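Following are the structures in question.
Across the two complexes that follow, chain A remains constant while its partner is chain B and subsequently chain C.
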Partner chain A sequence: MPKEVEKQYKALVNRYINTKSENDLYAGQKFSRRFIEKEISPEEVIGIHKSALMELFPDAPEDFWHSFDFLIEMMIHYGLALQEHQSLIRKQEELELEMKIAEKVQNTLLKTRVPTFSDLDIGFLTVPAKQMSGDYIYFLSDDSNYASVAVADVIGKGIPAALCMSMIKFGMDNMQKQNSSPHVVLDVVNRIVEESVDDSMFISMFYGKYEVDGSVFSYASAGHEPVLLYKAASNTFIELDAKGLLLGVQPNATYEERSVVLDEGDFIAMMTDGVTETRTEDGFIDDEIIKEILTTVKDESAQKIADTVYQQLGEMQNFHLHDDFSIVIFKKGYKN
Partner chain B sequence: MECRSSVDIFTEWDIVAARQLGRNEAKSIGFGTVDQARITTAISELARNIYLYAGKGNIKIERTYDNNQYGITIIASDEGPGIADVRKVMNDGYSTSGGLGAGMPGVRRLMDEFNVQSEQGVGTTITAVKWLR
Partner chain C sequence: MNLSVELSKEDSVQRFHIAGEIDAFTAPVLKDKLAEVQDVPGLQAELNLTDVTYIDSTGLGVFVGFYKTLKANDGYMKIIGVNDRVKRLFEITGLDEIIDIEKGVGENRDATL
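Our next item is the complex of A and B:
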């Protein structure tokens, strides 16, 4: 026990006993921080208090001092609980550091290049709810004839979801060279996921492919929620959906493929459920809100559209995202 | 210089006897009240584990002198089932007391030295030392 601290404690107690002033109590409170800094445990504090009183009141009855021994016994477990708490906090800090590194690894792993097209404006945004994301956006393109995008969402968040993501990346990388059609891509990824991912993990995925020739957008969906097509001519939205099971449920699931033609000013908004199931204090938002936001920025660039949706839905929930938030916009005919 | 005495642990009452033995020894070695309370708490935890998990065993208290230092050694031994994963047991938060700081990690903190030897089906011997400062 540091002797200096004991002396100071005795002086402080003595002063308070004489003055009984709030000021001296405040001094004591400040002094307690020194105890904590020096990692003096609660039982030691009682011990210091007892020694101080023994010097100040040497004539106090024996029984009185024995009561302090009882109190010291009582405090031992408080001291241990405090130390355990401190050690758990240190452990948590270590874990957080590891998470930061994992996050960096994931960011490198999931890097994707946005295709550059004269015919099609592409914008996207993905924001994880926690450090690791369970959303996955991946572009494939030859920069002249076609541009494809995979929008996947692992049901679940955090590290397990992030590990699952790398599996999908592996599947997508295998298809890098081929200009495969959407239902084939889902077919292949489904088999990879089915073989390698735990039964408790489910992944939804939307795959869309735009071809310059004919301005056709073809798509397939593995249990992903419908995407929104904005038609400029009629100023209306159409939901695009195609039949197909979540990835990894059945090895030989088949995926329906459908297509639409994009006209000048049309755009497609592909989102994960972190967007469509935005939660505010009043519960889930109405689907119409997203359409309203999209309408107000329909003439802007694809990136601006994506950013605005995030900005506005984010504000509604004070940017406390409950789920990973991703949105991809394919807009026909916009030129910078 | 060595001086030993021990208590067999069969019932919960024996835990109190082990504590008493430890306290008397700690006091005569010269430990202050706070350290006495720490040493007896460590004895309690170890004796209680014997009572709960091994059924019976023994707590030995030794007066230790080494490197010009006096100290007290607790040896808790039993021929019970042994501890399957000592590493796990020594982790904070594993004990059934969950978050209250007691258990084996608590004993390690209360004492200066701590050693576990355990073999499944053979038994457990835990040695813990506290030095007089």
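Our next item is the complex of A and C:
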């Protein structure tokens, strides 16, 4: 069959060389489909072109024919590279599709509502570094007696990470009725996550709970960064940490629980490592920088405090975040 | 950002000398290298981090995964030579409670496991 195609191609070329008419050119364009039907590759097309010319111009110089051999060789490799490129694009499209699905799962499953309280001002902000965030913020509250928050950082991507977040939400929602204390919440979520995730995936999570009665903030941490407590009376910061293993590493982890009392003007800043490990051209920022920023806005509303930290640390890295950036502020007292 | 992993076998202990930054870009290199030996039953592994300057959460995931695999196969993992920054990371995450971590390289190398 290719022989037949060769013959037809030669006739077409010959006709075009003689007429140079639009019609014959169009015939050639249409004929390209025949190559595809017969599964003739681009380099074979050049081979066919070469042999057609050899019959039409038998006296052409030898070097002229060598140039075609060069072109044929080049086209073979061009074809291979093109194939590889196309398969990579296909793969990327598949990945993007997975990410889109995961993003949807994340957005629909994990909506959270900021509690509205009369004596506690709450502000928060979470900005993903990429399409999908590994940070997860979730509030629980009855709007009168208590307000809880989970600040979590899931290591891992895509659908598994989104599923992990839904596990956290599931665990927390289930315990809401019992009004459980932070170390119990972490213990339960750890058991759920540990049974379900793959080996190199884990979650760091801070869980804090504010109770109106006594203005007590109790907290536990599963391998999460310490949070900062600002004391208005002394104008100082205290690091709040509590011992506890990352979620999902082993089933029988125990979580230490601590508590502090919040006075008027005090606030707690809970952050993920995208905030505390902000990277600038000169390296990592000093912890003191965050405290300095917090101090300048200590009298503002909780939301203004969160926004300012993002604004200023974001600026330092030209808003090219290396990691997801999340901050939650619980502030005791008046609202602006 | 570079990472190198060298493996030397001494008696029955697999010693890994890791150098550089372990982050999302370089973690796969370490993961592949550790995966070569992690399924050996009863593996004794020592990871030397003297020349590791930085570990991010993806890098930490590689250590957690390796620890879990070894534990499932009756193996043992020890980390030596962590700097202050890396040590703090293991402390915050609570991993120092379950993984044997030694600051600096001990004098008696035979007694490291």
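One rule holds in what follows: the second predicted complex is superposed on the first by the 235 of 336 C-alpha atoms of A that agree within 3 Å, B and C clash if a C-alpha of one lies under 4 Å from a C-alpha of the other, contacts with A are read in each partner's own complex, and residues count from 1 in each chain.
Rule of thumb we're sticking to: a residue touches a chain if its C-beta (ideal position, glycine included) is under 8 Å from a C-beta of that chain, and two chains touch if they have at least 3 such contacts.
Predicted, not measured: the structure shown is a model, and the values here were computed from it.
Colleague: Once the structures are superposed on A, label A:H77 by its partner contacts, choosing first (chain B), second (chain C), both or neither.
Modeller: first
Colleague: Tell me the contact category for A:F202 with respect to chain B and chain C: first, second, both or neither.
Modeller: In the superposition, A:F202 contacts chain C only.
Colleague: Of the partners chain B and chain C, which touch A:V185 in the superposed model: first, second, both, neither?
Modeller: It touches nothing on chain B or chain C.
Colleague: Does chain B (first) or chain C (second) touch A:L88, or do both, or does neither?
Modeller: First partner only, chain B.
Colleague: Looking at the overlay, what does A:E225 touch: chain B (first), chain C (second), both, or neither?
Modeller: It touches chain C, and chain B stays clear.
Colleague: Can A:M172 be said to touch chain B (first), chain C (second), both, or neither?
Modeller: neither
Colleague: Between chain B (first) and chain C (second), which, if any, makes contact with A:L262: first, second, both or neither?
Modeller: neither
Colleague: Using the superposition on chain A described above, determine whether A:M271 touches chain B (first), chain C (second), both, or neither.
Modeller: neither
Colleague: Just checking: does A:D153 make contact with chain B only, chain C only, both, or neither of them? Give me first, second, both or neither.
Modeller: The answer is second: A:D153 touches chain C but not chain B.
Colleague: Both chain B and chain C contact which residues of chain A?
Modeller: Comparing the two interfaces on chain A, one with chain B and one with chain C, no residues are shared.
Colleague: Over in the complex, which chain B residues touch chain A? Could you list them?
Modeller: 32-34, 37-38, 40-41, 92-93, 99-102, 105-106, 109-110
Colleague: With touch defined as at the start, can you tell me which chain C residues reach chain A in the complex?
Modeller: My answer: residues 31, 56-58, 60-62, 64-65, 67-69, 92-95, 97-98.
Colleague: Touching residues of chain A toward chain C in the complex: what are they?
Modeller: 153, 155-156, 199-202, 204, 222-226, 241, 243-246, 249-250, 253, 273, 277, 323
Colleague: Quick check: in the complex, which residue numbers of chain A touch chain B?
Modeller: 43-44, 46-47, 50, 68-69, 72-73, 75-77, 79-85, 87-88, 91
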